[in-house]
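In this document, chain identifiers A, B, C and D correspond to the written order of the chains, with residue numbering beginning at 1 in each.
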Amino acid sequence: MQTFREHRWKSFLENYQNRARLLISCPDKPGIVAAVTSFLYEQGANIVESSQYSTDPEGGTFFLRIEFDCPQIAVRKQEIESAFQPIAESLQMDWRLRLHNDVKRIAIFVSKAEHCLLELLWQWQAGELIADIALVISNHEHLRNTVESMDIPYFHIPVTKETKAEAEQKQIELLKKYEVDTIVLARYMQILSPSFVAEFPGRIINIHHSFLPAFVGARPYERAYERGVKLIGATSHYVTDDLDEGPIIEQDVARVDHRHHPEDLKRIGRIIEKTVLARALKWHLEDRVIIHGNKTIVFY
Amino acid sequence: MQTFREHRWKSFLENYQNRARLLISCPDKPGIVAAVTSFLYEQGANIVESSQYSTDPEGGTFFLRIEFDCPQIAVRKQEIESAFQPIAESLQMDWRLRLHNDVKRIAIFVSKAEHCLLELLWQWQAGELIADIALVISNHEHLRNTVESMDIPYFHIPVTKETKAEAEQKQIELLKKYEVDTIVLARYMQILSPSFVAEFPGRIINIHHSFLPAFVGARPYERAYERGVKLIGATSHYVTDDLDEGPIIEQDVARVDHRHHPEDLKRIGRIIEKTVLARALKWHLEDRVIIHGNKTIVFY
Amino acid sequence: MQTFREHRWKSFLENYQNRARLLISCPDKPGIVAAVTSFLYEQGANIVESSQYSTDPEGGTFFLRIEFDCPQIAVRKQEIESAFQPIAESLQMDWRLRLHNDVKRIAIFVSKAEHCLLELLWQWQAGELIADIALVISNHEHLRNTVESMDIPYFHIPVTKETKAEAEQKQIELLKKYEVDTIVLARYMQILSPSFVAEFPGRIINIHHSFLPAFVGARPYERAYERGVKLIGATSHYVTDDLDEGPIIEQDVARVDHRHHPEDLKRIGRIIEKTVLARALKWHLEDRVIIHGNKTIVFY
Amino acid sequence: MQTFREHRWKSFLENYQNRARLLISCPDKPGIVAAVTSFLYEQGANIVESSQYSTDPEGGTFFLRIEFDCPQIAVRKQEIESAFQPIAESLQMDWRLRLHNDVKRIAIFVSKAEHCLLELLWQWQAGELIADIALVISNHEHLRNTVESMDIPYFHIPVTKETKAEAEQKQIELLKKYEVDTIVLARYMQILSPSFVAEFPGRIINIHHSFLPAFVGARPYERAYERGVKLIGATSHYVTDDLDEGPIIEQDVARVDHRHHPEDLKRIGRIIEKTVLARALKWHLEDRVIIHGNKTIVFY
């Protein structure tokens, strides 16, 4: 199967050798789009997708994501960045230029429930999740075979109240050693400490098993059952120090009724959870998600 | 247009002259369905729809709703009720027999926003909402023409902190005078007092403009905007003394994104609100909703 | 109620006096966005929304819709158009500049079923449908009071096989007299002749009561019932000479099951139909829909 | 992982040792439910779920599915069946009594696309798909490792025009040898011959990658792209001799837009396909689906 996946990836990467994305945020004022697109034109780029958003045309923040094809972009990247620097400075831009084929390296954290992990692994095998899965970290041992059979390193790091700080230290070392860009909490049931979160700002994605802000915290399906809601949901969000309060990337729901016990809600919820997480991660990996305060702008 | 509606209703009522519903709740134990269906068979009834639910087969509560056709049911109703009484007593039943054509009388309460009222009026005209709209009560004047043009009485009862008790007294008098069975709060923005609610237990239906229990209370769209949710919703529930905490009948959601300002959320939300309220009311009018504790069983 | 609506509209129009949209389609090549946005910058415009799509970066067609604020746009429109003409010619553009407050005039065609008409009237009253409803034309008489009570002219033009050509002639005369831009077939059950369609290319919007291309033609709910589908839908599309084959603008579905008879499907379908039609019309009125061959590009 | 699954199954089966289902279809007339539920009561059964449907109260067909708990049902099954026989005969019933723990044996047929197979395997491992996966048959070799790693037999049976009859013969032999009850076509891209279908009437479930009856036949995503639809879907149905015309069990859709190329539609469609197939199979395995003519009654 490995060969199958590799074959798909090879053809995928070859199709987009000239593709790159420019990501910009800056104070809104007239002329930004003109300045950026004129620059890209001079560089020989052809814009294939462009998205923009302004919080307020007067005095707000302006966000721009442009995807373009430009011959030789891989070798010319640094040259283009230097040429863009003066424009960026004059317009007070935060900006990044990213190559399409510069695939992000991710770590997946998992506990007992395997459905989110398995969905990501399946999409990765199928060539639908374009990321390097650098490693999987779990506070349990039982998913080792599944993960290692795909040639992905698996690390079992148990966590108790007493060993939490130490465990997180080990995790951070691994994440650095494996040069991880993004951490995916695929139903990882440990709360990360503020110092851990501070190491990866805007780079930890969680799936919460409720339609936030309903049922913040533990046991959401049990509480949904007790409240008698007619829809249950899942929420993928960036992790911040405020539990379940980070910027929401994506949410979805499914219909339930009085016959569903908490176990049924969990079963139905698993389908939503894995789907929502995979969708949010895909957008993140394609640099389509911009964090602005405690909200996200998603250019999908 | 009146004639149009009347024509539809006439044909509707004539089609179901023999239709009735039996609604039962009792302690669960073997033999209930057998006892009830044998009784109905002896009465010459043919069951056309049957729904049941048990909170727990051992020691729980059993709920049953049977819809059946029975010749001459309108004239035989009392006789059948008497014959059923011994069975009901032996099984400790709460029960009701209701004729399909014994249409419920409703009052619609409305404030400034007209979309829910208009949806109900439209469905009523179209023969989709099978109820007698006995009257409309509003704390504003501006919808009088719309309502009265359909020959429905409209009462403007202003409400201020000082006059609230008095206003509710007037409302209750009207509701009694017009023999109202069910009160629909179609975006009525006044909180009803516990004594008002106590007059109509399980008979006041509200539409809350959020996906409860998210954004309980006031200004839900503004708070949804601030939280950056990706779906907004509406909830129809029975009114109890706990604000926005009553048994939920129906909920639904719609997708939104970062571009939507609170005004957009309100606009999108109006479609959900009116649809959800109409659906919940339809089920209530057809005796498909049973309140059990703070939850509902909906046999749709 | 009229005053209510007028009040909303006034505040709406005043908020967007400087808003306009530039709509462009042209052969794709590098530099288009740069040229257009540089031009707008020079004119003092601030871009508030921009959408683009290319059928193929190499040799395809490029579509651009830019919404911008520009002081004095109402009086400067012609001047700006003249200044843009050389750019447009050099890039072989089809293009239009439209003022936000230059509200489109629409005609609604209706037959017996009133739900789509009533939804549009309600949204129009509520200030959600931003259009001038110039007139309503029906081959039946029964909705006259409803329409005229809102001070909208109503024309009853019966259609039979024999009188069809004549009836269409009358319709066209009225549409010209009332300077109608867009025709909405709100469940108008007559097939328009090719010569009628040719008079309003890309300006007639229909709602078909099925999820096209399933159940093309007549009696879609009956056929959906016979086929035993588990979802039913509605489709809003532009009218062309090929019945039910025109470019699709919007579609939606609702869940049904074996218990639903054709009458139930129709009832459920009415909610989808009116919602889908209203959504498609809104996008059309905001110049968000571009017809390309037999498909649409919708910049929502 | 095997142990993980086995653990879940053991606890699952132990919870439902007394659970059984009675499935009945017969000419509708008064008294059926009374007769059946009285019988069950006499046998000491407690009904936990009951669903019924009549195509027409007068002269139609009546369908009944009752789920009940009855002590010692596993050993008493034959005795109860004998006792029920006279009632069944007097009411001209087609009927079956099935034990909850009498898990169905299934075969999965697959070609190149692996997503549906993987979803079923994942749900099976997770204890959500309650079936014995007896074997997997494919006309390709590449999924052998995936399947065999879960201790499920995998048979590679290539199919060409010339070898089709022979290949089907081999398949039928395997299906008989492995005592297969239900065949799941998990994107199996070979058309089965009428004689193969005749061997397993109402026991072959297919997933079609379109929202039937739209895009019957081959290349549905390409044709959906060309038609410019705004929703794509998938349909799970029983296989009959009429290609893509068998009774529909379940359907679902997802939203797409002009930016999606056929490859995107396929990617989005895969999620719908696997979800819809898993849902339809679950209902089938729980005996919730009744075929009636060319439609299904689904008691979910």
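Everything that follows uses one rule, which is that a residue touches a chain if its C-beta (ideal position, glycine included) is under 8 Å from a C-beta of that chain, and two chains touch if they have at least 3 such contacts.
Going by UniProt, the chains are A, B, C, D = Formyltetrahydrofolate deformylase.
It should be emphasised that the depicted structure is a prediction, and the values quoted were computed from it without experimental measurement.
S.K.: Which chain has its C-alpha centroid at the greatest distance from the C-alpha centroid of subunit B?
M.R.: Chain A.
S.K.: Please tell me the distance, in whole Å, between the geometric centres of subunit B and subunit D computed from their C-alpha atoms.
M.R.: It comes to 37 Å between the two C-alpha centres.
S.K.: Distance between subunit A and subunit B based on Cα centroids, please, to the nearest Å.
M.R.: 43
S.K.: Could you list which residues of subunit B touch at least two other chains?
M.R.: none
S.K.: How are the chains arranged in terms of who touches whom: line, ring, star, complete or other?
M.R.: complete
S.K.: Enumerate the contact residues on subunit B facing subunit A in the complex.
M.R.: The touching residues are 53, 211-215, 227-231, 233, 247-253, 257-259, 292, 294-298.
S.K.: In the complex, go through subunit C and note every residue touching subunit B.
M.R.: So the residues of subunit C touching subunit B come out as 1, 4, 114-115, 118-119, 122, 126, 128, 142-143, 145-146, 149, 267, 270-271, 275.
S.K.: Flag every residue of subunit D that touches subunit B in the complex, lowest number first.
M.R.: 28-31, 33-34, 37-38, 40-41, 44-50, 52, 54, 57, 69
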